[in-house]
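For reference, the structure I am asking about is given below.
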Amino acid sequence: MDINVKQVRKNAFRVTKTRGITASRIRIPGGHLDADLLPVIQRIAQEYGDGSIHLTVRQGVEIPGIRYEDMPQVNQLLQPLIDRMGINQEEPGTGYSSAGTRNISACIGNRVCPYGCYDTTAFAQRIEKAIFPHDLHFKIALTGCPNDCAKVRLHDFGIIGMTLPQYEKDRCVDCRACVKACAKKSVDALRTVNYKVERNHEKCIGCGECVINCPTRAWTRSQEQYYRLVLFGRTGKRNPRLAVDFIKWVDEESILKIIKNTYAYVQAHIDPNAPGGKEHIGYIVDRTGVQEYLKWALQDVNLPDCAEVSSPLYWSGLHY
Amino acid sequence: MGYRLSTDAMNQVLAELGKQYAIYAPKCYPGGNTFSEVDCIRYGEVHTVEEIETERKSDYSFKELLLPFSETLFFFTENTIQEASVIEKDMVIFLRSCDLHAVRRLDEIYLRNGLPDFYYQRLREKVQFVLIGCPAAFDSCFCVDMGTNRSDNYDAAFELRGGQVYMAARHPQWEALLRQYGEPVEGFAPSYVTETPTRVSIPADLSPAVAKSTVWDEYDKRCIGCGRCNYACPTCTCFTMQDIYYTDNAKAGERRRVAASCMVDGFTDVAGGGSYRKKHGERMRFKVLHKVYDFKQRNGYQMCVGCGRCDDVCPEYISFSAILNKLEEAMQEVRGDGQQ
Amino acid sequence: MTVSNEYLSHWAEIREVIPHTAIEYTFRMAYQGAVQPGQFFQVSIPKYGEAPISVSGIGEGTIDLTIRRVGRVTNEVFERYAGERLFLRGPYGIGFDVELYRGREVVIVAGGTGVSPVRPVIEHFYWHPELGRKVSLIAGFKSREDILFAEDFTRWQEQMDVILTVDNNNGDPDLRQGLVTEYIPALAIADPARAAAIVVGPPAMMRFSIQALLRRGIAEENIWVSYERKMCCGIGKCGHCKIDDVYVCLDGPVFNYTRAKDLAD
Amino acid sequence: MDINVKQVRKNAFRVTKTRGITASRIRIPGGHLDADLLPVIQRIAQEYGDGSIHLTVRQGVEIPGIRYEDMPQVNQLLQPLIDRMGINQEEPGTGYSSAGTRNISACIGNRVCPYGCYDTTAFAQRIEKAIFPHDLHFKIALTGCPNDCAKVRLHDFGIIGMTLPQYEKDRCVDCRACVKACAKKSVDALRTVNYKVERNHEKCIGCGECVINCPTRAWTRSQEQYYRLVLFGRTGKRNPRLAVDFIKWVDEESILKIIKNTYAYVQAHIDPNAPGGKEHIGYIVDRTGVQEYLKWALQDVNLPDCAEVSSPLYWSGLHY
Amino acid sequence: MGYRLSTDAMNQVLAELGKQYAIYAPKCYPGGNTFSEVDCIRYGEVHTVEEIETERKSDYSFKELLLPFSETLFFFTENTIQEASVIEKDMVIFLRSCDLHAVRRLDEIYLRNGLPDFYYQRLREKVQFVLIGCPAAFDSCFCVDMGTNRSDNYDAAFELRGGQVYMAARHPQWEALLRQYGEPVEGFAPSYVTETPTRVSIPADLSPAVAKSTVWDEYDKRCIGCGRCNYACPTCTCFTMQDIYYTDNAKAGERRRVAASCMVDGFTDVAGGGSYRKKHGERMRFKVLHKVYDFKQRNGYQMCVGCGRCDDVCPEYISFSAILNKLEEAMQEVRGDGQQ
Amino acid sequence: MTVSNEYLSHWAEIREVIPHTAIEYTFRMAYQGAVQPGQFFQVSIPKYGEAPISVSGIGEGTIDLTIRRVGRVTNEVFERYAGERLFLRGPYGIGFDVELYRGREVVIVAGGTGVSPVRPVIEHFYWHPELGRKVSLIAGFKSREDILFAEDFTRWQEQMDVILTVDNNNGDPDLRQGLVTEYIPALAIADPARAAAIVVGPPAMMRFSIQALLRRGIAEENIWVSYERKMCCGIGKCGHCKIDDVYVCLDGPVFNYTRAKDLAD
């Protein structure tokens, strides 16, 4: 069996622990798919795999138990998934064109969740379109609100939905539902002054608890959807760490641009001898300095006026 | 006499009316609801037919036009009191039959129950009502059972049928306008609902004794006491006074009243820390009996108009109509009927 | 049709401030007009708020308002001195009709600030003993420090059966000890069937006192109670005082027990 | 529509942002399932949902667009999933008996991944069996190795697989593959002394890179599978934070017992007025003190001799 | 003469043999492989038939018994040198035909290529080989094409057939044992493979010129230079010397030799920092030609025995047999045949 | 059959230590036995290791081992002084057969430490000029400081054409400048067809020098080279020195170019 494992990996198959056996990794940006695609997955699993599937922690589907020889057939069968999910592809019928940039993760977002501040899946798909295929090992995750169910703070780019609460004073009846909710469930950014509510904008994390708990629509959501962009969280053996806040109240366009800029930055600075071509961006930033990164990241980015850029950026976490 | 108008023509009518009136109707506020990218339908000033939301029920009623959620009564300076002024224009309010029935309830309390309310009355006198024809009930509506499905005491009637506007007016000046912009239609009468997906029946022998039923206990846990049902209700009219001095200059200030809810903590607080109906089930009982018993005892007809907004707005999916339908069993329980 | 703005208050001069406890003062206000015992005024200080206060005394050209310092408005009221002014509107509600008690034995049971609304009734019979037959007064307070109208009680004792009780009298011979209900069974009532009773105080105290009075043979229709609610409007609008189909501000605060007994909060 | 939303939630349906519409949340402990169950999911999505599914960030499946009225029918249809996944259930045909304790997450583990130190899915299923159904809001995640692809450090219990490398000196040929791999990809815990390798046990994180890179089987895996148990990481609005290391080189039985002990601890100490009955364990520990927690957690736990318990425990993270 | 034995009987034979011999055979080391819960099959001492792994190919060969991965040659003290002693018992090694052929290659190098190797020879003389009958080839085997599928120069032959042991012995003492514990079977001969799933063909005109082919370039990227192919190969015999002084007492120490790999960095290092074959493709070319050209040039027969272990063990899934099959094309390329 | 243990070394006394550069010394060892120029010994210090070292001089009862301090063993060797001992085994391999050069013009091109293995050949013709015809020596070093056997060069110049070149002579008139290959074209060779050449040094230097010599008309079969490999065993076992089908330790280190030219590393 002569297999170019680098090509196998690039083609989104895995080199498994079992000799001769691979696994197919299906991208599902944002985790959402039409149920009529399930038979496609089932067929691959049953005809070429071991009949089981694994829903991955990045919300892809991994089909184990596939023989390397069967990769071309599996790639053929994957095509409807690739087409329907709108995955950029170099050549139809050849499966995924890259695997370095991981499936873009997202909580279920505002399609379903009451807390979600935006359509996480749609934004995930938009990012996917903009950056995939790419061999660089980027992990991007989106979460609908500061509850961060998607745990984006352990990804390279964590995108946290926010709403800028709009307060219509004349609809407020001083029931204090917002104030209590903010204190109990969020960051205690609301105070009652003269029976009306004052929001501490610096403290506010844009979670929308005030809106959710307001019985009169005195609090409503901003038409604009905002985000907190957090950077370079990671797990891993040496220094697992939380992402740090980069920009609060940032917009979708800026995030897209910053991500693309970061690809350029990493391509320019990655250690060419990194094992498996993987070097976590965090280590690259350690080497170049944060300022160099920021120079690249913010190039040609037009931040909204309300955006708050954190500076300087410090990461900590555990060190082994 | 009815009239048919194109939407363009109707917009001209609205423009004409707009000279004298501020025109309010249910309106879509995109993304204006609690959850992200969910619209809110509530009352706002409109200038065109297109702005009038006729497909969806308004989440909040017209009530807030007559009894704003927050209304300044007086302005104070060091030594003077200045009554807040009323809006200058007259007002046209588009509403459905249930809501038009609700107007009577508001009037009952604010014009007749004790002394008349100065602020309500001065507004009320400025209002003309346009009935929105209501061809089909929404899921939670139970106006037919509450007898509020039909109204005749409108100043005008309005209905969209097949992209065209149908109007009828009792107001003579308006009639003239319609004649000018529309064409007469024989026998136009606004649609009204004759059956509703939700049905309610209120026991004939309903009495305060039902308070002792265990039916209310469920709501101790389910109800979160948020007051949405009250704020959305077109007949809930309670308020609380607030006096403030301005942050910018404590010598000036104002007295306001804001909508109050019998479901929310603090409603029954008395001086010194006491309060009544601490349990949410008790509040629910109070509210329900208010709507379908107490008011009737006092005024001879039911307060609840069956609009179903309280059901629609409850974040805990507590259904008011479902409670009404439990009352028979609750009465049996307190009468000692049934199983025992 | 233009209606008058009932929410408008009017300045009234503070004639005298009579402290009872650290947080309870009586403000004697200049006032002209008819007032019934048990009625209430909406007392306010612009920019601080308005609060319903029972009339605790009716004088010549004055009314007494006994105010407990418990919040924003009353805090501010306590900053006012004789010669200064408060805003008033009222009187509102239905009070005690003293004519109903003419020539009858009257038992008055009051707890804490519940003494305020009944004080004008007591005073009425104190100053017009000829109109009554016999007044028995049981008043309960938490402690000696909480007693309102202490001097009045001393005075009233001259003419009436007065039982002044506190939770713990610490051996003070002037005071009884325990709940007001404990003193009802032993009360000297010559003709319970015709006797009238007035009960005002916290809900539990009222409930048990009424039970005790009924056991003494006092008829339901001869018992009156007064309800405390935090009215915002005083005119049947704001809803805070509604109990069942009753608006306390319009239909009370004073209710005959035959009506009150069915009211469920 | 009269819906007891507490029961809805307990029954693993969601109160969504859309009025009248719920979503069914399918538990898939460890993320692994047989592909022949996919038609069950598809059928629910197509007959009762909106035809789409969401693979959740906890590796469950969420089927959106279901009407509340249809919950009983959906529960009936869910039965094969519940049966085949071996989910403890109070009454067949009634769906899930609880939802507080979340689906147990796991990376694909040693069934497939070369780095995996144990069968994550099997352990996940074992934990599931031991603790579900339970209303307490516990999040448990397992990851096969210290790479922590499952990002367990943002869960209440993070279980990180480890192997205790066994060194057969006589098979070592001093190729230094292990030393280089450990330095480059792990924690640099290996040193060459006299052409043989010395492992710094205190530093070693048990990732197995030495074993994986050894060409002669001088390094092999321990028969015993060990774990690092990390505690009380969380996302959320107020204080997202990484889990802290609790016990290194701990065994499966001890972990199970500690988790069960923690349930007892939380039941005894949770704020009865916590919004939605949810109070993150971390806040409870803040209140009771770590020592009180440890007293409960370690009750009747027989740690292996090699287990290293960290003390004291400090969490940090971001504060809003 | 062949014998059939029950496994119990065979275990008694092994017990008897165990008095004189340490018996080595492929053995399953549960979880002993690189990845979690993957078994490793390699040589170890066995005492029962059940311990002998006959179903799976051993990941590592018998080689390490004769040429341990790490072998102490001398012990040193301050002034003395002490030759390491040899194991006391004689040795029986169970192996398949391919490996038995490999023994010849080891002998070729260690007994004949230059001076004989003292350490190898003294071990080698103690060894008896038991051929394991090989009824079917594994996926990566290509012994038939390498001519190593059949061996007759065994001391005994062993095969499990239907749960029973079949043995044949050339060693007279063993024959006696078999006669004692087993029953004679006519015509037993150990199975051997006659076809393999993997086929190889080596160009007849293969020459060092093939070094210039571009075929090797692929391995610059694919090969990671880990040496597994060498360590697993039954015919790779390179070693490196190591001298150490003990950590506990630097006055004592030892000289060892450890297996070396021509694929691993450092193999060609010379004093002063120079080295040869830096590119992994060059190393691959060197290894391949060593196995299927150089050795044959020197000794008249191919070194590679076609066991396929190098294919099985490569973490990068580089197939040695696939390379062999590319040699024809590579030769065409350097000859200038084919496309141009 | 018992074989002797070829890996066993034997003590040999250091007679003299001759420093050349900071890191290159010649150790003159007591040694009895036949040695060929170009052969090598395995030199070791127990517990430190063993290294193959070419013979750089053959004396009466001595051999010279010129050692560069580059690693564990050689570091340790440098700690040894005259009178102390090193372990030796060997000689191994096939060296230069000086008989082949008898009466011929000999061109020797050596680079760096490549001078060591050819030194015995040079010495042979230096001490026995009657056996040769003419020896031309081109030796290249990095710099003046790297020159080995500097005094020998001075001595050899008496009899031979010696070109000593360094990368940069910094104006030193005793030294040439540039690569050894640059001096091959101008070399005076009377009869290239019969001349013999010896080339020893780094791979690239050897490759280009041979090309230059071939261009001068020296026949392939008259060129000899010596290969440097790090043998561990010296006896065809350890594999480190294998090139194609050749074991440098057995078949070399000295090869005729006709054999060497096909060897590919």
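Points to keep in mind about this one:
Per-chain residue numbering starts at 1, and chain names A, B, C, D, E and F are given in the order in which the chains are listed.
Note that contacts are C-beta pairs under 8 Å (C-beta built on N, C-alpha and C of every residue); 3 or more make two chains touch, one makes a residue touch a chain.
Not measured: the values here are computed from a predicted model.
Counted as hops between touching chains, the shortest connection from subunit B to subunit F is 3.
Path length between subunit C and subunit F in the touching-chain graph (shortest route): 4. Interface note: subunit A and subunit D, two copies of one sequence, contact each other through mostly matching residue numbers (shared numbers exceed half of all numbers used). Each chain gets one centre point, the mean of its Cα atoms, and the points for subunit B and subunit C are 38 Å apart.
Per-chain CA centroids place subunit B at a distance of 50 Å from subunit D. Centre-to-centre separation of subunit A and subunit D, using mean CA positions: 20 Å. Subunit D has residues 15, 17-18, 110, 114, 116 in contact with two or more other chains. Multi-chain contact residues of subunit C (touching two or more other chains) are absent. The set of subunit B residues that touch two or more partner chains comprises 34-36, 240, 242, 244-245, 260.
Going by the touch rule set out above, the chain pairs that meet are A-B, A-D, A-E, B-C, B-D, D-E, E-F. On subunit C, the positions that touch subunit B within their shared complex are 1-9, 44-51, 68, 70-74, 113, 202-203, 228-230, 232-233, 235-240, 242, 244-245, 247, 249-250, 262, 264-265. Contact residues on subunit D toward subunit B in their complex (touch as defined above): 1-6, 8, 15, 17-20, 68. By the touch criterion given at the top, residues 34-36, 38, 139-140, 218, 221-222, 311-312, 315-319, 322 of subunit E touch subunit A in their complex.
Those residues of subunit D that touch subunit E in the complex are listed here as 110, 114, 116-119, 144, 161, 163, 169-175, 177, 193-195, 208, 211-218, 220-221, 223, 225. Against subunit A, in their complex, subunit B makes its touches with residues 29-37, 40, 42, 59-60, 64, 68-70, 226-228, 231, 240, 242, 244-247, 256, 258-261, 264.
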